[in-house]
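One structure is given below, encoded as structure tokens.
Chain IDs A, B, C, D and E follow the sequence of writing; residue 1 opens each chain.
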Amino acid sequence: MTTKVSLEDIDLSFPGPAGSDTRKVIYENFSLQIEEGSFTVLLGPSGCGKSTLLNIINGLLKPTRAGGIVIDGEDLRRKPDLSRQMAYVFQGPRLLRWKTLAQNARFGLKGLGVQPKAKWDELIEKYFTAVGLRDAMHLYPHQVSGGMRQRASIVRAWVNEPQILLMDEPFSHLDEITAAEMRRILIDLWASEETKRTIVFVTHDISEAAQLATDIVMLTPAPSSICLRRKVDLAWPRQLDSDEVIGLEKELRHAFAERAGIRF
Amino acid sequence: MTTMSRSHRLLLNAAPVVVGIGIWWALTTFVLVQPRLYPTPAAVVTEIVRIFSNEGPLGSTYVHAASTLMRLLVSWALAFVFGTLLGVLAGRKRVVFDFFANPVWIAMAVPSVVWVFIFLVLFGIDNIVPISALVMLLSAPVFLGTAEGVRATPPDLVEMCDSFHVGRWQRLVHFYLPSIAPYMVANARVSFALGIRIVLIAEVIGLPNGVGILVAYWSDTLYMAPIVAWGIILMAAGMAIDHLVFAPLQRRIRQESAD
Amino acid sequence: MITRLTAYSAQIASLVFIVIVWAIASAVVNMSALPSPFAVFGTLADLVASGRAFEPLGNTLGRTILGFVLAILLGTTYGIAAALSRTFAELTRWLLQIAIFTPTLILIFLFLISLGRSNGTIILLIGLVVMPVVGTYIRDAMGDFDDDLSGMARSYHVGLWQRVTGMYLPFLIPPLLAAGRIGFTLSWKVAFLSEIFGFPNGIGWQVKTSYDIYNIQTLLAWLMLFIIVLLVVEQLMRLAERTFVKW
Amino acid sequence: ETVSMTVEASAIPAFVAKDRGLFGDLDVEVSKVGYDQVQALLVAGDTDVAWISPIETVQFVAEGSDFRYFSTAGAQNMYNGIVVRADEAGEYPNVMSLEGKRLGIPGFGTGTWAAFRAFAKAYYGVDDPTTVFDVVTASSGALLALVERGQVDAALLFSGSSAAARSLPQFKTIFSFTEAMQESAGEPLVINGAVATATWLEENPETAARIVAGLDAATRWIQENPDAFAEGGEYADLARDAGWLAGPETAETVLTLIKEGKWYLTSDAYTDDWIGAIYDLLEKGEFVETLPARDDAFLAPGSLPAAE
Amino acid sequence: MTTKVSLEDIDLSFPGPAGSDTRKVIYENFSLQIEEGSFTVLLGPSGCGKSTLLNIINGLLKPTRAGGIVIDGEDLRRKPDLSRQMAYVFQGPRLLRWKTLAQNARFGLKGLGVQPKAKWDELIEKYFTAVGLRDAMHLYPHQVSGGMRQRASIVRAWVNEPQILLMDEPFSHLDEITAAEMRRILIDLWASEETKRTIVFVTHDISEAAQLATDIVMLTPAPSSICLRRKVDLAWPRQLDSDEVIGLEKELRHAFAERAGIRF
């Protein structure tokens, strides 16, 4: 198995509250390898640095001190174009309010520029239909519900059918049925024959993690380190009430409470 | 964004200005040789020195400068208060905006000279003339800017305020003002600059004192050097105030509202 | 539809209010310094009916519009460039400040004398005077641009052209409309002032000559012509706002 | 080649001469600008012939310019002067009766004020008018309003506004420059006239002569056809720009003066006596510290070649 | 049992896509009674109108046509002050970015004005501590993670200890442990002896519904109607793996798929 994304000795801290001189350390000497073709799920308590990690992989946040981000064996800082093969679903929808949902997706397509222009309309239609927004794709963001906005922002990433897909709590505002359907499409996309796609997926929902992951990475509260890392070797579609899935959930829940849990 | 060293920044700031002065010097020394109309930089500097040593026609230069400054400050402050209050109202209620839209538009578009023409024949020679003309002109952009800012406040936050029954005063002070603070500082900045630029026009037409009278004097006798000198002094004063007061204010507000 | 109607009546109400105040004041004062609105509108009707109104109006309006377009183009380009490039912002910082703070009167004087009295001079002058106002407005509005969205654009490698046309310009439409309003009036004023201070045609010149001979009635008639044109422009701006700002 | 001639709106003979082809085959480009701009353009060398007052010409020459006033052809009589409210005119028989009163003037840098100072010194022995009158400045249009409203007692006016004041019933002119000079020296005083640089005059004497001839012809034509300048006439637009048609009374006054030949002069008035009268005034009025030689400011009458 | 909130024959529709003249109907002749002291959970597919319903109850959205909103037997439109007893946790955090988290909570306290001023500091401290944000309460919103912002917006509502608490997917961005803790505090607040509080709670998470509700209301896709309404008679704390809870979840999941489910 080759490594697709590799973080090597990352340091990252944020300025503390205004006035104080202290910095809040999020990562110190942090390393993480993500394998090509894996579906890696990041778990961790709220505020531990999951979104921050995706931002680092995407090249949006630069680690404070040296330490490398290596994509396909090359340094991201030296070749920022490497991140063109990534599409990112942010924690908030981040839609342009002056564009319809479909135009927002188009905006991302034009930006990354990995899909041939001739296919854009077809792709947009396909994915909006898939997520159940066919009828709403020509509405403006303020005209649709929170969950619909979230789905539109997912479509913006999916239409690129990217090599690396970064997703930050993408289904958090969706009802179970919609979310289940979305997961099914996501797995299809990931497993599609042509290429080996890599997915890095942040969630706070342990059963979602158990349903999707081939790799699980669990983080501790900041300063963050990896407190659990395991492979999951189950086929799809996974049965929610199968023993393996329930067993995995239990294990994760336990680990989470023990090692990543936060004390109030 | 990469940070630049202070000296590097100053270098970048000053370079085009220095080049500009060089071009001015070359033009007035070699091409347009007519010191009365096209003064050289040196001639202008001499005039600036004379102004600062309180020399000039029509009595004390300092008295003229002080009265101009006073007019500018008074009218700017009045305009800012009026413009902001009406602007907040208008940004929230479309009807208020519609009611004021045309008068504001008129107030703003009719040049200061014309206001002064009209006020002068109505009120006679009085400080109220340039001040009311300036207030007219300066409050209009403040009004529009504020209304714009209020309207740009995100509707979901307005809804939040409604839901929590946030009262009138609290809403103004803690919600509208901070969310339009960047607009307000920008307004203050813009209207002050505008004021500096047009206070002269308001004075040229008819007042017993003020820099405008001096400029009119020099323009009547066709000497450009003192006029340019006054232009530079006013410009420098404007820039200094902008630099020392408004810029830090704007920086602070931006920081506080940084995303 | 109903809201459109109340909007129009509110807009008209203020104008009616002003005219009424004016009529009462002129009746009270009763001197040539404040002619009644009826007399003024009578003169205006004469100006229009005899066709004398159009040449000065055309002169002033033509200069204003050309100068304004120049200023908007320069200002928007500047504003976006300054928001995007730190070096550019620093290079132009003092120049812009100088342009902002130089008294207009002095600029008019210098320009008319050194560049000659041509339409080109005035258009250039308008462009130069109005550009920094539009430019700072746009630059500052760009500073308010949502960081989350910028992050999104970077993540999707959205190119410069795309970012400008797809994100910044639409985001800038409301501030541009506001800047447009301010910029247009400013352009108009610069054209007008140049006419008053030495360019012998256009509405400014008419106002100035009427004033010199103490004919306030004609002065106000020209002014009314000017205001009516402005109100039309304002309605056009509103139309633009309704067409462009849908979100 | 073309001759450029820059004038202000009241220089109607120049426009008429151009329009009626009175300059002959001489190609004259007549452009109209504001009063102040005329001087600036001549100083800047942007025009060949400009329209400037003889008094200011002397001032420029004293300051080192090489301007020459070369003819009174088409020059306008200087009815500029002091105006009071008609109902108080009885109290002010002459200028000195305004002592201690509030006098509005159009600005301390203006030629009108400079001329008034010379007059006050030469005719009334007043060193500094500001010590005798309570002087305030305002633009000319406002001055009339101020007089009407009683905010000033009298106003010193120039060009268009003095013509307006002459004819508006609520005002009365108690002093005008040309009448005062006519009375004491027997010569009129004019607002303006043709001025060029000495160099240009030396190089183009023929051209200057033809310009003078054209202006003279135009002035005569105007005197014979005053109706062309009334409302509805051929040149009503020019008259309107010059402020003659501001109201029926104004038009009446101006057109009458034109008919009587008192509004515009011809080159016949440009004599040594006329120049002498002006020099006399400037000398007694201590107008500038050292008066330039006459020939440096005024082209000697009769020195232009006769136009064919 | 008395009725606390009653919607009677509500109609509500939104303008359709720009250009078209059609309106999107969300509610038509819709009625709903919410009992005093109940913990009512609203379930329904994404985009069905759950947030809209909370907005209507809070008086933020006015129904298009007549039809009343009655609080404590009085018409909300005639007495808008009735909504002072409600505090609303919106679907997004909606924090003022120029105020710290604590100042944001204070802003809400001042607005509703139901708590005596002397108690404000104490209340703010208490609830921020409860949700685990004691150390972060003086930070600005942009300095904290998505989940922390969400918790701060919850505190803004809770500090008022309101009669009626409206919550729109409040725990959607929280990890399981944090969410469980939040639910515990919420139940405490709801069950506190002094008053009978009423809670209207929107979620898309069926097991969360099963853990919290005394009353369940399930909506169909828009135009919305109630497709399931039942009482839940279980005590707290409910065991996640007890037969009753699992049975309830199954039932809800089934109903959801059958009746409220959306077809892609």
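Keep this in mind: a contact is a pair of C-beta atoms (placed from the backbone, for glycine too) under 8 Å apart; a residue touches a chain by one contact, two chains touch by 3 or more.
Going by UniProt, the chains are A, E = ABC transporter ATP-binding protein; B, C = ABC transmembrane type-1 domain-containing protein.
Worth saying up front: this structure is predicted, and the values here are computed from it rather than measured.
Between the chains B-C lie more C-beta contact pairs than between any other two chains. When chain centres are set by their Cα atoms, the one at the greatest distance from chain A is D. For the pair chain C and chain E, the distance between mean C-alpha positions equals 49 Å. If each chain is reduced to the centroid of its CA atoms, chain A and chain D end up 85 Å from each other.
For chain A, the set of residues that touch two or more other chains comprises 92, 140, 142.
Each of the following residues of chain C touches two or more other chains: 33, 113-114, 147-148, 211, 216, 246. Each of the following residues of chain B touches two or more other chains: 32, 37-38, 117, 121, 204, 219, 258-259.
Those residues of chain E that touch chain B in the complex are listed here as 55, 58-60, 81, 83-84, 86-88, 90, 92, 94, 96-99, 107-108, 110-113, 142, 156. Chain contact summary for the complex, chain B toward chain E: residues 156-157, 159-167, 170, 174-175, 178-179, 181, 256-259.
Residue ranges on chain D touching chain C, taken from their complex, read 9, 31-34, 36-37, 40-41, 44, 46, 139-141, 144-145, 148-149, 159-161, 163-165, 168, 170, 241, 243, 246-247, 250. Within the complex, the chain B residues that touch chain D are 32, 34, 36-38, 57-58, 117, 120-121, 124-125, 204-208, 213, 216-222. Residues of chain C touching chain A in their complex: 148-149, 151-159, 162, 166-167, 170-171, 173, 245-247.
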